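For clarity, chains are labelled A, B, C and D in written order, and residue numbers in each chain start from 1.
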């Protein structure tokens, strides 16, 4: 039996509601570049945030440690007890190759900064028993979940290989400045998020991107189906603790793509499935596909307004809900592909675009390394 | 909308139900030859409440007000429709507005006529002398007697009224006005 | 024996309105009214009145008023009127007090203590009149995952899915057997289900031969402890096969259709001789354990070529969650939970009012338990027993149900006034009777329309409420307890329901 | 010489039935009508109603004044046909004029029967048959105090009732031992007799006129038994005989009335007959006999019309039947009349409610088919019974219920009921 982290679901934390700005940029040749574009673009969409959260996901950030899982662990209120417990736990369950405090700029004034530490770890060979047959990834996910659920004031907000998530309370450019992203890091794929929570002061753990392993999600919207999604994921051992509906997207991506091996195109049709009326008009083969998906994965449909940018190594997907209640725009210039809440933000960092298009609701823009797959969505654009 | 069978075979009143249905179909085809419309009954849903009689009487009262008609008008309101009753079977029954009405042939005063336009069998109470020949000859027993006035009364399909009272007041929609 | 019971109802007749049309007399199967030609007056025998209100509704001058009699015993919080009346009745008869319909005692109705959410500002509410609003629901077992492979022209689905039944709205008519209800009522349910594209449940009385082809596509056929009317053709002319273990109104006991109601067609449908009592034993005598249930489930699957989902219906009792879990593991594709406010044609009053637990708590517990065990997707949950309105239905879905069974509400739509005299066989509304005079009071054409209207109205309301929550497909509300809040509930109740208190 | 496609002699129900029948088929053909009386077509059956004051003169007319005009009928009013030339298809009129015809309908009606005795030619002696009788009686009424009615049959009793209502002392003479003897049985006669007596009508049964005492007018009458009664108005209401004069001496066969088959054809081609002058098929007795009744006349005319126009239809429903009312007693009878004396060979079911003047009696043959019935008092829905009789339905399975005043289709076995109700509604013809 799956353990419940609370005696009653009544006590599950509330997610908060928010409006947001998102931006993602990827070099499809895999060339690494700095954070300037991402920072500038998100700054351009300042009205989409309110200074209560900002964050970045950067791929290709730790080439020197690319064999190791890079954990970014946040200790709220700089809680040393929590840090000791986490480190004890990591020591018991991993080989910790290297760890350090993530460098920050003390000159940047941010709200109640936690202590953020990074650990490069590698899972040990499994002992006989329950975990014997787990893959490394699953093993890591389990341990991350354990920390997030059980250790007060400690949150693992980045856990992939060669990936880093940086986030906090403040405008994204303040967070970037605090972590010195423009100076210290380079990556071939950057996603950015600017947050506008409406009902909580915002906390560091609640900022986007949200990540598990190398999956990161930035999200704009309010997922009305959150409760259904959350409870379905709980059945698959994903427990939401971070007070944000983006979390369910991240877990769902992990479940569907990593664990169940579904292609990204299918994933987008689970999140934003076609209407039954549309399915009725499809070919028999498509009908079977979409009917099966809707039947089986009904609890993972993301209902309500959302735009998400999901990224993992080599891939970045932009998707908006099936009735397109939130915006998304895509643009391309040479090898660079952009996804953004607003076209203006893309043009701000790249004025002479080759092309710019608006994908319809439920239709994913898939940006892949060394491919032109993102162009597939252009012919359906609105 | 509803295409099911009205009654299960073997239920004690099924024979009249099924044959009743076909009866009305027959009447319909027949009607296309002459009459424009009539009220037909579905005996399988006639609940024997006699409300058609009540409202028919109201329709033919002076005031058209049910309470006034029954409690305060001088002449007792009389229905032109009869509910035949032999429980559990009941069905309301009124002038069939025959294509070649026997009552018209039997009428000695010319009070009963078949309206060639509407197809209705009409009764002119000013001409009626109350000889009751029509009562004797109507094979359906649909011509009723007003003992007080000593003349006959029959269904006039609520001529001059907005609705056919028996139809519009049947609580179970057992009465239906069919037109060709 | 002279009865010391207080008459239940009083009847007032407005003398200045009564036109002596005698409609009341003809419409009353309980001989309350009689006409005296000599005096031109109606007489009333109030003792016989069951308060079904048929006469009140049919009276063309609205001259009648039937209401509970005001004369009462000295108020006594312990010895209430109900209790005293029952005592006197039993003293006079020496028997079990029978009753019909569902529990009428003031037990907490949790639906009324749950409120729904709506979108404001941060996400838009959706207008179902202008935008799609999907209520389509699949009932049946779902696989844990779907394996999909890329192929030249798209994707291939490799996972074999389990049989599922699609219904356009999550509302399904409850089990009401032919025999317990009249053919007209039964037919109306079937015809309404057919028109709506949803399902009706045959109950344990079988499905008449001549209805099988036409209505089998909308039937949930029940296989209950009496095994009435069960044969291969019956099982195969259906969408879902349901094993009835228990009924919310009378958990732990069986049923009894008196011989007088077993007329020719009922006898044929139930496959028992005319005039014999149809006795449904309390347990199914081939199911004394969960393994036995599993055997029956697979026997039925075998009989239907594994083409139909098999449902198991249980009454909501104390350890319902564990039982439901066992049922799913035994192979059931659907678990139907019947709460203790569910209706019945006949049940001992003591059982009806005192056995079982409310549907809301049972449903919440079952849903939670199945999720904890990771098997919630292996079955659909049907919630039954006291769903009174669309809001109850949508709250049930938010608590975790896939669909709801609508029983008493459908009867009320047909005309039922909950006089609770179903067991007498003299239903003045033509529903729970086989009297050939009384059954005609249901015109299947009209009744079907009433049922269709009701379901459409509810579906529209569900759509409205879903839209208000910013959800455009019912599956996104299923088990979405975040959209529920409790009001006026104790801590433990909120815990069981798994919902926060309002404002939390 | 004028020639009509269809020529009708007579101007009453049969003629109207024929005209309406013809015009329902064709609007084109020419129709001529020879009427002896000059009055517009009126209803003989209304004579008692007129005399009783129930209706005015305008209501005596059977069809509106413009009926012939609208129907396109050439009316030769006040003309008497005197001879038929069946070879040349011509009718000779009293003036000597000749009218040609394609098809001919003899609807010459009946003639009241006068017994052979002196004094019946006086000006206060009338039959109860024609408009002229009516006008004559009306004229005499103010001076009349004592009316004597010869004949206690239907006509006689109706005359008695209306004259009583007009304030005259009324005496009815009946040769038989009871009134209405040929029509109904003893019980019915008894009810009617007592009703009439209560109303003050004097009945003399087993009696008739011995001698009429008259000057210019009849003044008194000595009866056979020697009783002398005053009389200033004498009504002869013994009956009618078929008016067959025109056909007599021609090839047209006569047996009491002009003999017709069920298509209303006489023995001569293209000549038809209907109404009181004809002998028609009685479906109850199977015999051909005069059935001088209004519906028979109208239907006969209508069926003749169809057959004249080449559409074969048959009279199936002709039989003896009467709807009557004497004072407040309604009476209906149909089919054969079986008296108590000769009731032994029939199966009879009956119900009497003494005091309530309610009587129902049914005569069933060996197949359980109603051959005749009498209803006294409560006559509602009698047509259903007549229909059972016509359809020759075996009523034995529900015969008890026939005696119920509220008898209806609902009392019949299911199959029979719907069979009867679904039959085509074209009644009287097939």
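The rule we apply is simple: a contact is a pair of C-beta atoms (placed from the backbone, for glycine too) under 8 Å apart; a residue touches a chain by one contact, two chains touch by 3 or more.
Just so you know, these numbers come straight off a predicted model, no measurement behind them.
Interface comparison, B-C against B-D: more C-beta pairs in contact at B-D. Each chain gets one centre point, the mean of its Cα atoms, and the points for subunit B and subunit C are 41 Å apart. Once the centre of each chain is set as its mean CA position, subunit A and subunit B turn out to be 77 Å apart. Note: centroid distance subunit B to subunit D, computed from Cα atoms, is 30 Å.
Rounded to a whole number, the gap between the C-alpha centres of subunit A and subunit C is 46 angstrom. The multi-chain contact residues of subunit C, meaning those touching 2 or more other chains, do not exist; every residue touches at most one other chain. Contacts with at least two other chains are made by no residue of subunit A. The set of subunit B residues touching two or more other chains comprises 90. Taken together, the touching pairs link the chains end to end in a line with two free ends.
Contacting chain pairs (ordered by label): A-C, B-C, B-D.
Those residues of subunit A that touch subunit C in the shared complex are 1-2, 4, 7-10, 14-15, 17-19, 198, 221-222, 224-228, 230-232, 234-236, 260-263, 265-266, 275-277, 285-286, 288-289, 292-299, 301-305, 322-323, 325.
Residue ranges on subunit C touching subunit B, taken from their complex, read 16-17, 19-23, 26-27, 58, 60-61, 183, 187, 190-191, 195, 208, 210-211, 214-215, 263-265, 268-269, 430, 435-437, 440-446, 448-449. On subunit B, the positions that touch subunit C within their shared complex are 1-14, 42, 44-51, 53-55, 66-67, 70-71, 87-88, 90, 169, 171-174.
Taken in their complex, subunit D has these residues touching subunit B: 17, 43, 45-46, 49, 54-55, 59, 61-63, 294-295, 298-299, 302, 321-323, 325, 330, 332, 334, 379-384, 386-387, 390, 408-411, 414-415, 417-418, 420-422, 424-429.
Residues 119, 121-124, 126, 131-132, 134, 136, 138, 142-143, 145-148, 150, 153-155, 157, 159, 161, 164, 368, 371-374, 376-377, 398, 469-473, 475-483, 494-500 of subunit C touch subunit A in their complex.
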